[in-house]
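Two complexes come next, and they have one chain in common, chain A, joined by chain B in the first and chain C in the second.
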Partner chain A sequence: MIRRVEEEVMNLVLERDLIASNVKTLNMKLMDYLDEFEDVSEIILDMNTVDNIDSVGVTFIINLYKSVTREGKSFKVTHCSDDIKQLFKLMKLEDFFELDE
Partner chain B sequence: MTYKVIVADDVRMNRTLMMDVLNKKVDHLEFLEAANGVEVIDLLKDNEVDLIILDLIMPVMDGYKVLKYLKNDEHFSDIPIIVNSAIHEIGSIEETLKAGASDYFTKPLSFDDMEIILPLKVRNSIQMYEQQKIIRRYNEMTVNEIEHATLFQEVMLPKSKNLHDVDLFIKFEPSIGIGGDFFDCVEIDGITWFMIADVTGHGIAASMASSMVKILFRTSLQHKDMTPGSVLTHINNNIFEFMDYSGMITNNYTTFTGFVGCIKKDILSFSNAGQPYPVLYRNDVEKIVLIEESGPLVGAFEDIAYEEHSMTIHKDDVLLLYTDGIFCNGKSGDFINWHLVHEYMQKNAHLMNGDEEQYLENMYWFFHMLINREEDSRFEDDVALMLIKKK
Partner chain C sequence: MQIYAKEFYSSFAEVDEVVKDAINALRELNIRRFDRAEFRINFMLREILNNAVEHGNGFDRTKKVVLTIRYEGSVLFFDVQDEGKGIDRNLHGINDFVLRERNRGYEVIKNFEFDVLMDGSCVEISLNLNRVK
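And now, the complex of A and B:
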């Protein structure tokens, strides 16, 4: 996961599939980034390279969303494939955060 | 602690020399002497041996036969064996190493071999064997724990049976013996209640969470005027009340998809929390109908009120609920292929009239093929199928 901060927006760009075997590492990286959330007003999770996601991956996004919104920041997910959008729709995740192109 | 080393050599002086050197160079050794292969095997029957230093040319039974015998015996096959032989031919060295010897020295040993190399190899071999035993012990403990947990889960989950108002058919295949899939069906005061859930992840932690789901489901039914939506809401609220994730970045231990429904007379009411759409088989028209309603995962968001819906259900209609693992398997990305699942369900719908077990079996293998692509591979995720037939 790469982070890019431009003005008050932090982009978290995923580099691998969002599946159980990768989530532990992502959570560790996220711990490092949490302190930097203070300096931004929005966090965007970029899913451009994500083809596959499993239930642990979904909970990673939910946990990230909750961590971000708890700090009063806004959160959205970008560049989801149609398949992943379909999955998010099943879980009604679009009721909680924005899915952007 | 001492480590027992068998020194096998038909020449007593060689044995004595070997023991003297090792005694000086390696701590905590206890020696057992054997003058031939039969004595080696006899010693092994009465002693927990940590290393064998084996001569090849011995009377009664030679070292080759000992080596072959020990490596083919599951009780002794892991004991390290260092061969110490006067045979210098590369063929012999190759044969013994291929047969499983840890190392090979040729007699007479040089001063450096005797004083430095051999003691170090003895010590390393004993250490490696010790680590191997620790790993094996931990592995046995883990296997035992999983076996116990599997039994626990087996008694916790319902089996195929005939209830008063419905017939219940079950197919459950956890990925490692236990898993995070949960399903239940119970009749209370003329209402058939059922639930299916798929806890995030799999294995022991998921199975612990699924135990909790069963308790929450059954206790929620003890409240008055419950509906499928209020059951899911009740379970969700309780999870946030019971679990304390303070200081943790992740809380995916009790997150799950779930579907709760109830059948009262000819009304099917239900509420869905991210579970793959269940299917209702309409017996009168011999068609399957997707129940395309959904809601957020349970355990993910606080203060959720789950929506509920209802539809009619008639005699011999069949409801199929499943935790497919399709979108849980990151390798397949098969959640886009639900239409294939539904097509297959329709194709097999004729089995709903009397051959329901076969229907579940067919569906199970269909999921297997979708996820793993190969018939002989195992599911990586848990799979549960529950079929409820209205009487």
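And now, the complex of A and C:
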């Protein structure tokens, strides 16, 4: 996962599938970035390279969403495939955060 | 007709490898409508196999999970067996939040048109490809 900060927006760009075997590493990386959340007003999770996801991956997103919004920041998920969008719709995740192109 | 069988040790990394292998095997068969169902089959396999590894075998790497896939008529059958006790394993050892989130996976499987049969430590999932839109 790469982070890019531009002005008050942090982009977290995933580089691999969001699946159980990758989530532990992603959580460790996220811990390194948490301190920098203070300096931004919005976190965007970029899913451009994600083809596959499981419920451990979905839980990663929900936990990230909770951490971000607890600090009063806004959260958005971007560049999801149509399949993943359909999955999020089934899980009613659109009720919580914005899915953007 | 059995089209795939794999026995593997209990880790999420093994699950990832087996799912990729099984999906590749299914692709090679050129089954009608499989392309429309590939994402949901991938998701379902990860849910069921992760569950077998985590809650069935408790991440015990000496315990195995067995996946077999059959194709009969227009129906794909996925049989998964672990070495767990098969009793309340879904409710053991994880906190309420994680349980709630992970159980969404099972709801999605049902919404993805899969039929699920559980018998002890065996799970049979089936998908009639004619029902896939």
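Points to keep in mind about this one:
Convention: the second predicted complex is superposed on the first by the 101 of 101 C-alpha atoms of A that agree within 3 Å, B and C clash if a C-alpha of one lies under 4 Å from a C-alpha of the other, contacts with A are read in each partner's own complex, and residues count from 1 in each chain.
By definition in this document, contacts are C-beta pairs under 8 Å (C-beta built on N, C-alpha and C of every residue); 3 or more make two chains touch, one makes a residue touch a chain.
Just so it is clear, the structure is predicted and the values come from calculations on it, not from any experiment.
If you put the two complexes together on chain A, you find that chain B and chain C bump into each other. When both complexes are overlaid on chain A, the residue A:Val9 reaches neither chain B nor chain C.
By the touch criterion defined above, A:Ser67 reaches chain B but does not reach chain C. When both complexes are overlaid on chain A, the residue A:Ser55 reaches chain B and chain C alike. More residues of chain A lie in touch with B than with the remaining chain of the pair chain B and chain C. Applying the stated contact rule after C-alpha superposition, one finds that A:Phe96 touches chain B and leaves chain C untouched.
When both complexes are overlaid on chain A, the residue A:Asp83 reaches chain B and chain C alike. Using the contact criterion defined above for the overlaid structures, shared-chain residue A:Leu30 touches chain B, although it does not reach chain C.
Counting contacts by the rule stated earlier, residues 17, 19-21, 52-56, 58-59, 62, 83, 87, 90-91 of chain A appear in both its interface with chain B and its interface with chain C. Across the complex, chain C meets chain A through its residues 11-13, 15-16, 19, 39-40, 42-43, 46-47, 50, 98, 101-102, 104-105, 107-108, 111-112.
Put simply, chain A touches chain C in their complex at residues 17, 19-21, 52-56, 58-59, 62, 83, 87, 90-91. On chain B, the positions that touch chain A within their shared complex are 198, 200-201, 249-252, 255, 257, 274, 276-277, 294-297, 300-301, 327-333, 335-336.
Touching chain B in their complex are the following residues of chain A: 17-21, 23, 27, 30-31, 34, 51-60, 62-63, 66-67, 82-83, 86-87, 89-93, 95-96.
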